[in-house]
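Dropping the structure in here first, questions after.
Chains: A, B, C, D, E and F, in written order; residue numbering restarts at 1 for each.
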Amino acid sequence: MTSRVREIIIKNLFAFLAFISVLLLGLIVMFLFREGLPIFSQVSLKQFLFGTGWYPTYTPPEYGIRPLIVGSLIVTVLASLVAVPFGLLTAIYISEIAPARIKEILKSVIELLAGLPSVVLGFFGMVVLAPWMQETFDLPTGLNIVNTSLMLAVMAIPTISSISEDALYAVPRDFKEASYALGATKYETIVKVVVPAALSGISTAVILGMSRAIGETMVVLMVAGGAAAIPQGLFDSVRPMPASIAAEMGEAPFGSGHYHALFATGIVLFIITLAFNLFADYISNRFKEEGSGTL
Amino acid sequence: MEEKRHTSAEYERELQEIKDRLLYMGALTEKALENGSVALLERNAELAEMIVREDDKLDQLDVALEEKCIRLLALRQPAARDLRFITTAIKITGHLERIGDMAANIAEKVLILNDFPQIKPYVDLPRMVGIVRGMIRKSLDALVREDIELSRQVREEDTVIDQINDQLFRELLTFMMEDPRKIQVCLYIMQISKSLERIADHAESIADMVVYMVTGKSVRHKSFS
Amino acid sequence: MKKHDRVSFMKWRYLRQSLFFGSVRLSALIIALALLGIVAFLIAHGYRAITWDFLTLPPTDSMTRGGIMPAIIGTFYLTIGAIAIALPLGVVSAVYLAEYAKQGRFIRIIRIGVNCLAGVPSVVFGLFGLGFFVVFLKFGSSILAGSLTLGILILPTIIGAAEEALKAVPQTFREASLALGVSKWRTISRIVLPSALPGVLTGAILGVGRAAGETAPIMFTAAAFFTAVLPQSIFDEVMALPYHIYVLATAGTHIEQTRPLQYGTALVLIALVLGIDLIAIVLRSAVRRKKRW
Amino acid sequence: MRNDMILQTKNVDFYYGACRALTDVTLDFEKNRVTALIGPSGCGKSTLLRLLNRMNDLIGGTRVKGEILFEGRNIYAPNVDPVEIRQRIGMVFQKPNPFPKSIYNNITFAPKLSGVRNDGDLEELVEESLRQAVLWEEVKDVLNKSAMTLSGGQQQRLCIARALAMKPDVLLMDEPTSALDPISTAKIEELIDTLKKRYTIVIVTHNMQQAARVSEYTGFFYLGKLIEFDATEKIFTNPGVKQTEDYITGRFG
Amino acid sequence: MEEKRHTSAEYERELQEIKDRLLYMGALTEKALENGSVALLERNAELAEMIVREDDKLDQLDVALEEKCIRLLALRQPAARDLRFITTAIKITGHLERIGDMAANIAEKVLILNDFPQIKPYVDLPRMVGIVRGMIRKSLDALVREDIELSRQVREEDTVIDQINDQLFRELLTFMMEDPRKIQVCLYIMQISKSLERIADHAESIADMVVYMVTGKSVRHKSFS
Amino acid sequence: MRNDMILQTKNVDFYYGACRALTDVTLDFEKNRVTALIGPSGCGKSTLLRLLNRMNDLIGGTRVKGEILFEGRNIYAPNVDPVEIRQRIGMVFQKPNPFPKSIYNNITFAPKLSGVRNDGDLEELVEESLRQAVLWEEVKDVLNKSAMTLSGGQQQRLCIARALAMKPDVLLMDEPTSALDPISTAKIEELIDTLKKRYTIVIVTHNMQQAARVSEYTGFFYLGKLIEFDATEKIFTNPGVKQTEDYITGRFG
């Protein structure tokens, strides 16, 4: 009897501890809203989201974060355009083509790349890429959208590549054998069988990569240039949401409108990344249940 | 073996072929017996000789069918009813072959008898041939139709044959005692009668096996001894 | 198709293959070079700054000279704190998810919670740490608040790695043990967890690496711009390597003059983080080679 | 007669969620005999096997109706601890599943947990179990090597030895040779033959011929129902039910 | 079946058991024949009656052995040599049972003969019994030892038996012609001789099957017709 | 006679690294016949099968000696493209392995690659292949459903249909039913029987009885050597070599 009681106690204890993650998520939401919602006593939701002026320190202050949202989105999209093909092709190389030794090394490289602290990447973009760009293209500043996107791409590539590679690796050997036995070449086997079979995992990889890019702070803080205006060209500076929060929170007086506005920006950022993650979750679950049948 | 087809059409076909072969062998023995009867009544030596020659065919059919059955046992691993059918078929083909041998023996005796004057009109022997042929046919029909009732009939007819044989024996004994010149002829007739009686025994054995095949229970030796 | 057509069609199929393989190899090469390039660049510019004094002295002269010792110590404290919080909680959660939970709403909620937590941007963790630990719980900007924030940040990573490791333990081991009349908890503790241990450890080490390199979550919760003294309790502020780089590179008054210090600090940070990651990678491949199921 | 029935199922229904996997199965397992359960995929034979030592507990959303008596006691009664049941009723699985431990530790794993501590006792147990599983001669010099280094057939015999080390009364075998080649299969079958002197064995098998070879009793399942249960000899030479006959003779139509 | 043991000891044991049973049945038939011979020579009615009674035993053994063989076919799916052995065993047991029946028939005739005065000393019949007994033993030894040479011997002895039977027939025919009062006695002796000849045929069949079993080639009906 | 041998191996040795897996195998496969390869695990039967369509190319560190002639041409000659060989020699695997695509796309996968573009032609091909694999009636209304929704037996027949869609001359089958239950197995065996009218089939099987049932010729392998090759009937009723006899009758010693 005692062993049965012990079993029940352990199970319930573990259930409670596992539930802490959910509690934490709840707390995060709660505190973001607790500190962020007061801003809407000063400005409407519409003004906040679509207002084009971000002048939190002016009197009267303006809290329009549209330039910040646009900044975030544009660097994310550009970064994805670079990171997706690179990440995917590299994943294909690792899982299907590379000889065993190179495969091991390259996988480690990708993992190390993922582990590179973002502050170091930001630093690199700032002190290496920016001056080079400024000179080469004769720009007013090297801290701009293109530079940021490149650095974000470097951040996103390991995510995309390693999750895609997992997905490709998980494609049963049986499929490949079947394809070869039907007289398909290696290329045809990869493109027509392996990649389609891994498509749900690859989609998840892309979405999570983008999510990582949009939420990344240090790179955009150090490399984007910080101009809180809607950009006119690819070499303009921008101020994505995370950069704004990180840069200004230190200066914003506790409890001020600025302080609340930054938390509200955090809410927007949180909701966007949450949407990305739920979408990725949905895709991987949907295909898990039905199989990627009719691809 | 009735409604449901075996998933392997080939197997089903082979089982059917065994049945067909058995029926064919049965038909051959019947024909031999009929011819023997005709040869006796019409004193037709040519016909009798043909019977002896044709016994070869049955011997070959027997060997071929047995090999077919063993092949099926080796390649198909039959179970239950199919297995009983095949092992039964192996034994039945042996009986049919024996029946063929008996028919040939009868034909040989007919050939000899034809050299002697007929001592009396043949009544009992043709009657026995008729019954025995019916027994062979019925026993094989019983096999094909899995009909136990037919088997029972065969069993009853066997006792009839036994009675006729006994009666004929006594009758011939009297003839022999009365006229020693008839001894040889009577002996040959006795042997024919005895052969027919043994054919009937074989037919009964076949019928008994059918009962075993259908029900899985052995009835052999139950009515004997 | 005529024979001639078929031959040229085959040639076309192989040409397509060659083109594709070429581009795939090229992209892999570029990525490898990117990492090498960054690391090589930092080494080339930073190795001169690395001296004994640099590693053991506090910064001096408004951080234009001296070393980074307090930042190293601070990062160490924060990281240890984070892993001390995240590892037990993460492993227990993973055990629950992988071993105990049956399909149902409760588990679905936990899973979504963990997945969402994994996707929360690091700066939002910073905000949360600020709002909850620093302000609401009144820990102030401190090691405790920073460690807790970082711990929550790496919790999903640890849960994920541990769950993966648990799932990699063949179901047949569990069945075998249970069928021998061994209770569930003992099956988990004697068979499943030992088998999964290397995987869990790898996950934990990668978590450490991540915690050591993060900047945004500690900006508002733990990191000090400058302290000359080492922390005395978990309620003290600390310096941290990542934040120190950021500060030197953007907020200093003599940005150009302190370049060597910046490179040196960056080099120390990546040496630390990549070193930790490398340990995890080596450990994992060693374990994989030994594993037989 | 009654006393010889070590395991009995009485009107057992089993549900996966709303789906009924077993319908009204009543079946007695005789002591020290090998009983085989056969039937097409999804007929419920494996499900029944896993009910007998409550391995189905591990799957959520299932429900058992009716009684399963082990030595007369209903193992699904609320006060019964499945852990104890499983100590008395061992199980061998389709794929050999030794623990990634040494051969020695594989065998001693469960006995140690159930309180056997003495080294001498344990060593004796290891030898006895391995001897019973006809593996002792092959492995006696490599007891400390990982069980994973053994061949598939040896692994399966190790799994049997491991189950025997708990000194169970019943041994459930779920297609124990379906992952093995003919030679290893023959060895396991021969082993089953020697084990039945001391254990009651229930074996689920895909392979009708195997059921014919190893068992004394055979139950034929179809669509979750027990169609026929009888002496193996009877089932394979003269089954009583048409459905059984059709299955045995390969008329699956 | 020699060097290598079957992995299933049980299976090997069952095969051996079939062999043993066949030998036992063979021994029973030999004994019955020997007793028949003694009963005839010593005019021992009791012994003759015992033989008739004991035929039951052989009948039961036959049914049991056939069932055992079918069981083995169903449960073990034998192939190649094992399969040939078992199918051969099924047929051999049938032959042995028939031999038993013949022995019983002989005993019945002996009982009748004992009521008549002896017409001459029995020389040929005991000699036939001796040879036939040897044939039975040799044919079964051939089976057990897989010895084709023994089979050949059996085949040769069968022709000897046929000759003795023919010669006896002619001799008895002369007796009958000379003295009609001896007809009945002579008929019974003839039947005994005929039965022995048929037993020899059965023994030859067994020997032929052994050749098939060992070589996989059928020799039956090769020397016939 | 010579012309009827569509595939021939001549003194074939095969090495995995330093380990010799096949020794001097010389074997002719007759056209439109089913040839079964049997033997214990690791005897080389599967290895030989994979040599016949160069599937072993996918594994590194292997070496082939001797010749394998397909319609008289050595498929290991340097100028031979394995892709073309595999189009002529189809293969079916142990585990059903349909692509995670629709049934229709599974069948048309290979034909499309080899240049069949016309929709009408493709549709015809799909129907013809499925009919040949006796699957058409079961799936004709669900051609756009995922192949993964089919049962194991159906999946295996789909894999056969997929191989047939390339209109191969030879069909290699590597234990095609070992993952299936008796009913599905029987269906596949029946299918093999109908397919041999148009294709040459080589089947590797664990299951001796299966070889007996489906094949006209049987080769028995042991330790990488071809011990005996003859008509199946001969092998199973009266093998010429003692080793074969021992294996066939279950004397594995």
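One rule holds in what follows: a contact is a pair of C-beta atoms (placed from the backbone, for glycine too) under 8 Å apart; a residue touches a chain by one contact, two chains touch by 3 or more.
Please read these numbers as outputs of a predicted model, since none were measured by experiment.
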Interface composition of copies chain D and chain F: same or different, split at half: same
In whole angstrom, the CA-centroid distance of chain D from chain E equals 49
Express in whole angstrom the distance between the two chain centres, defined as the mean CA positions of chain A and chain E. 94
If you average the CA atoms of chain D and of chain F, how many Å lie between those two points? 34
Touching two or more other chains - residue numbers and ranges from chain D: 83, 183, 186, 208-209, 212, 236-237, 250, 252
Residues of chain C engaged with two or more neighbouring chains: 13, 183
At least two other chains touched by the same residue of chain E: list those residues. 7-8, 11, 70, 74, 76-77, 79-80, 83-84
Which two-chain combinations touch? A-C, A-D, A-F, B-D, B-E, B-F, C-D, C-F, D-E, D-F, E-F
For a test of understanding, state which residues of chain D touch chain C in their complex under the given definition. 53, 55, 58, 60-61, 83-88, 90-91, 93, 95, 97-100, 109-110, 113-114, 146, 148-149, 159, 162-163, 166
List the residues on chain F that touch chain E in their complex, please. 208-209, 212, 235-239, 245-246, 248-253
Residue ranges of chain A in contact with chain F within the complex: 172, 174-175, 177-185, 188, 192-193, 196-197, 290-295
Which residues, counting only chain F, touch chain D once they are in their complex? 40-42, 152, 180-184, 186-187, 206, 208-209, 247, 250, 252
Of all residues in chain F, those that touch chain C in their complex: 81, 83-84, 113-115
